[in-house]
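Next up: the structures, one after another.
Heads up, the next two complexes both have chain A, just with different partners, chain B and then chain C.
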Partner chain A sequence: MAQVRNWQLGRDMDYPYVADRPAKQFTMIMDTNKCIACQSCTIACKSTWTWGKGQEFMLWNNIETKPFGFYPTAWDVNLLELLGEQEWEGDVYSGQTVFEAAPAGERVLGWTPAEEDWSHPNIGEDEPTGNADDTTYMPENPHSLMWMYYLQRICNHCTYPACVAACPREAIYKRPEDGLVLVDQTRCRGYQECLTACPYKKTMFNLETRVSEKCIGCYPKLEQGLQTQCTTACIGRLRLTSYLSAPDEVDPRKPADYLVHVRRLALPLYPQLGLEPNVYYIPPVHVPTKYLTQMFGPGVERAVETYRNAKDDPELLGLLMLFGATERIWHTWEVADGVARAFDEAGEEVVAVPLREPTFTRPFEFATDVAGEPATGYRHNT
Partner chain B sequence: MRAQKDNPGGPAQNPATKYVSLFRHGSHQSGTRAYLRPTQMTDSMTRKAYFGQQIGTGFEADVHSPSGAPKEGLVKVEKAEDGDPSGRAWRPVELGLRPEAPSDAMKAYLAGEFVTRTRKEP
Partner chain C sequence: MAERVTRKDALVYGGAAVGGLVAGGAAVTAVAVAVENDKARSPVVGAPIVAPYVDGDLPDTDPGADAWDAAQPVLVPLAAQQIAQPYLEKAGVAELEARALHNGSTVALRLEWEDDSVDDLDGIRRYHDAVAVQLPTASGAPPALTMGEPGSPVHLLQWRATWQRDIDSGDKTGVDQIYPEVIHDVMPDDVLPPETAQLYWVGREAGNPLSQLRRPTPVEEAVAEGFGSVTHLPSQTATGRGVHEGGRWHVVVSVPSARKGVGAPLTPGSTWPVAFAVWLGSAENRGGRKHIANWQTLVLEAEA
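After this line comes the complex of A and B, so read on.
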C-alpha cells in the first residue's frame, strides 16, 4: 500500500498504487436543487452508449430519488452498513476508508450486487420520508419529517478508483490526459472484481460480451471540446462538464475550481469512502443536515448557506446561470452589467446569459374608454 | 353487439347503419349505458395517496379528480412476485428498504447515523 493525499479527507490514506494525478481532471458539477428527475440525461446516455445486446439493464447515468431510490438496489445502504459508523473530526476524516477497512487478502471493502439488484432502477421513485397525515408539508427548513430529493449519478471518475485498485488484470486505467477511468475491453476477463469494489456501483458486467464496462465520460465529445450527453440533454440546466485542477494548483478563474475549492459549494458524494470522487454536488437545501453530512461530508451547512445567498452574489449566480447554456466546454467566466459571459481557452466568448431575463410590458391596447373614468381597466368581453 | 359477434376478426360494424364502433364491448359505446365510466368507478379501487405512504381504496381527489383513472390503468393482474401483506412481502420490503418497514440499517441511513462529526476546539 502507498500513502496518497486525499484532500477531501484532509489527510493521507492508504491506496494500492502511488498517486499520479492527471494533467487535468474531468469533473461534473450537479445542482441537485434544480433536478425534477425527468431522466432526459438517462435517455440521452442510454440511446448514445448502452443500446446494444447485453446492455439492456445498464444505466451509466441514472437519477434516483433519495432516500428510498437505489440503482442497484440498496447500493449505498449496504456499503455504509458494511463500513459501520465512522467519524469526522471537524473537516478531517478520522474514520476508515474502503481501502483501509479492506478484509485480509482483499484490496477494497465491497459487496457484490445480485443480478436482480440491477433490475429496479425506479425503486422508491418520488417516495418521501414520513406521512403527510403526521405533519404539515413544510413545517421548517430543513424539513425534519417529510423530505426527498433527486440524486444525479454517473461514474465519479475518481482520483483513487476502487475499480482500478481491485482489478487483478490491470484492465482499468485512468487516462493521464483528462483523468477519465476506462475499462480496456480487450484486457478485461470479466472477473467482476470491479463490481464488488466500486462503492458507487458504476461498473457493470455485460452478459453478452462477458466483460465489464462503464461510463466513459463521453470522451469522443470531450475530445472535441463538447460537454457530455447527459449535460447537454438536461432540461433543468443543472450540470456542468468541466475540468478540475489539482488541489495545490487551484485557479479561482476556472468554474469547477471556484465551486469546489474556493466557494466550497459543490461537494463530493460519500467522500468518507476515500476514492476522491470527481463528480461534485450542490446539496439540496431542504434535507436534514445529518443525512447530508453522511452523504456529502462535513461542508454541507456552509454550502447550503452559500447557495441560499447566491441570489445576492452576482459572480456565483452568473456561474450557475451558465450551466447548460452551451454545448461547448468553457474555461473562464466573468459577470458584468448583469450579463454572465463564458470564454474558451483562447479567451474567445462562447456564450452570454443575462442574470435576469428581460421583461416586456405590452402596450395598453384594450383600455376602457369611458368619459370621466381613468383608463385603467381591461375591457371585458361583452 | 351482434356485429362484433358476427365479425370475430373484422370491425364492429352495425349491419343496419354501417356504423363502426370504436370499442367492441362495454359502456364506452354508449354514454347512457352506465352512470359512470368504468374508469371513474373508484369505490373498490385500490390506490396510493398522492403524497405519503398510505394505501387505501375508494375515491381520492388527488388521484381521480383530474380525469378518472386512466384506461390503461385498468389491467389484468397476475402474480409476479410475493407481495401479500399477510405473508411474504415483495423483495424490497423483505430487504428493509421501504418506508413502512425499514431495517435497522435503513433507519440509521435515514437518520444519517453512519457518520458523526465532532467539532474541533478552536
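After this line comes the complex of A and C, so read on.
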C-alpha cells in the first residue's frame, strides 16, 4: 500500500498504487436544486452509448430520488452499513476508507449487487420522507417539512478509483491527459471485481461481450472541446462539464476550481469512502443537514448558506447561469453589466447569458376569441 | 528417454513425493505397467500422473470413452487460492481426479471434480465453472506455482463451462441464453449496417477473445508470467469437452504435443510438472478466486 494525499479527507490515506495526478482532471458539477428527474440525461446517455444487446441493465447516467431511490438497489446504504459508523474531526476524516477497511484477502471493502438490484432503476422515485405530523397543511408553514431530492449520478472518474485498485488484471486505467477512468476492452476478462469494489456501482457487466463497461465521460466529445451528452441534454441546465486543477494548483478564474476549492459550494459524493471522486454536487437547500453531511461531508452547512445567498452574489450567480448555456467546454468567465460571459482557453467569448432574462408583455390582440365566451386572456393550446 | 526426476524435483512437484522418492521416469512407468490390467482402477493419492502411450487417436473430446480406462486416475488435493489478492475465502471442493493419455502428437487429460450445480452462463453476479491445466513452457525445475513469474512463463489450458455451452447451443449465446424469453425492441443490428452495429459490442470489436461468442473450442490456450498476466495466444490449438454427470464435471483437455510457438514439445518419455485450478461458479469463483493444486508430476510414457 502506498500513502497518497486525499484533499477531500484532509489527510493521507492508503491506496494500492502511488499517486499520479493527471495533467487535468475531468469533472462535472451538479446543481441538485435544479433537477426535476426528467431523465433527459439518462436517455441521452443510453441512446448514445448503451442501447446495444447485452447492455440492457446499463445506465451509465441515472437520476435517483434520495433517500429511497437507488440504482442499483440500496447501493449506498449497503456500503455505509458495511463500513460502519465513522467520524470527521472538523474537516479531517478520522474514520476508515474502503481501502483501509478492506478485509483480509481483499483490496477494497465492497458489496456485490445481485442481478435484480440492477432491475429497478426507478425504485423509490419521488418518495419523500420526514415526520408528517410536523408538516403538511399547516397554514403557518406553507413549505412541507417532508423532503426528498434528486441525485444525478455518473462515474466519478475518481482520483483513487476502487475499480482500478480491485482489478487483478490492471485492465482499468486512469487517462493521464484528462483523468478519465476507462476499461481496456481488450484486457478485461470479466471477473466483475470492479462491480464489487466501486462503491458508486458505476462499472457494469455486458452480457454479450462478457466484459465490464462504464461511463467514458463522452471522451470523443471532450476531445473536440464539447461537454458530455448528459450535460447538454439537461433541460434544467444544472450540469457543467469542466476540468479541475490539482489542489495545489487552484486557479480561481476556472469555474470548477472556483466552485469546489474557492467557494466550496460544490461537494464530493461520499468523500469518506476515500476515492476522491471528481463529480461535485451543490447540495439541496431543503434537506436536513445530518443527512447531507453523511452524503457530502462536513462542508454542507456552508455550501447551503452560500447557495441561498447566490442571488446577491453576481460572480457566483453568473457562473451558475452559464451552466448548460453552450455545448462547448469553456475555461473562464466574467460577469459585468448584468451579463455573464464564458471564454475559451484563448480568451475568445463562447457564450453570454443575462443574469435576468428580459420580460415581455404580449399585446392584447393575441387574445383568443372563443365563440360564446368573453375574450378573457391569452390563447391556450386547445 | 524419460527425463531423470531427482528426489528434490519430486518434492518440489509435491504430489509425486508421497512414496518418499521417485527414482525416475522408468520407475514410474513400471508402476503404471503393474496396474495396467486393473480395469477398476481406484484413484490413487500422491502418485505421478502417468500418461500411457496410445497407438492411434485419443478420445480428445470424449470424457466417457473406454480408452480412458487405460490411464490410472490420481487424486490431486485442491486448496483455496490465498497467495494473491483477491483470495478465495473458503474451498468448495477438496480434490481433482486427473488422468492422462498421449499418442506422441497430442496429450489429453481427463479431469473430474464434484460440483452439484452446472454454472455455464456469464451474467451479472453469475460466474462459470472451469478447470485449468498449467504446464511450464520449458523443461527443468518448475516455474513459480503462481502462474509463473516474469521471465519464467507457464502454458495454460482452461476449459470453461460457458464456452462449452456456447458451442453446444449453436446460435443462442449471451443474452438469449441467460434470458430465453427475452424480447428486444430495436437493437443496433436491426437498424445499422453490420460494421456500425458491431461498434456497440465494444469488447468484440476490440478483439477480446472472451467477447467472441461463436468459437470452435471450449478450451482457451494462454501463457502467463504471474497472476494477472494471462495472455490469450494468437494460435489456439487446444481442444476438449466437458460433460456434467452424477454431480461431477468430467472434462477432457487436450493439446498438440508440439506446442509450436509456446514452448518445448511434450515428447514421449518426458516428465513434466503440471498444476491445476478449479472454479465453482455457484460459489462465485472467478479469476484469482479459485482452487489451486500444487505442482504434480506428469509422466508421458515412451512409445511402446
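One rule holds in what follows: the second predicted complex is superposed on the first by the 345 of 382 C-alpha atoms of A that agree within 3 Å, B and C clash if a C-alpha of one lies under 4 Å from a C-alpha of the other, contacts with A are read in each partner's own complex, and residues count from 1 in each chain.
Operating definition for what follows: a contact is a pair of C-beta atoms (placed from the backbone, for glycine too) under 8 Å apart; a residue touches a chain by one contact, two chains touch by 3 or more.
What you are looking at is a predicted structure, and each value in this text was computed from that prediction instead of being measured.
Once chain A of one complex is fitted onto chain A of the other, the partner contacts of A:Tyr219 are absent, as it touches neither chain B nor chain C.
Of the two partner chains, chain C is the only one touched by A:Gly54; chain B is not.
In the superposition on chain A, A:Gln294 contacts chain B only, with no contact to chain C. Contacts of A:Tyr17 after superposition on the shared chain: neither chain B nor chain C is touched.
When the two complexes are overlaid on their common chain A, residue A:Thr209 makes contact with chain C while staying clear of chain B.
Look at A:Trp111: by the touch rule set out above, it reaches neither chain B nor chain C.
When the two structures are aligned on the shared chain, A:Glu193 is found in touch with chain C, with no touch to chain B. After overlaying the two complexes on the shared chain, residue contacts for A:Glu81 are found with chain B alone; chain C is out of touch.
When the two structures are aligned on the shared chain, A:Tyr173 is found in touch with neither chain B nor chain C.
Those residues of chain C whose C-beta lies close enough to touch chain A in the complex are 82, 84-87, 89, 122-127, 162, 173-175, 178, 184, 186-189, 197, 200-208, 210-211, 213, 227-228, 230, 284, 286-288. Note for the complex: chain B touches chain A at residues 49, 51-54, 91-92, 95, 97-99, 105-106, 108-120.
The part of chain A that touches chain C in the complex is made up of residues 51-57, 104-107, 112-115, 118, 166, 168-170, 185-193, 195, 205-211, 213. Contact residues on chain A toward chain B in their complex (touch as defined above): 67-68, 70, 73-74, 76-78, 80-81, 83-90, 92, 95, 116, 120, 123-124, 127-133, 137, 146, 272, 288-295, 298.
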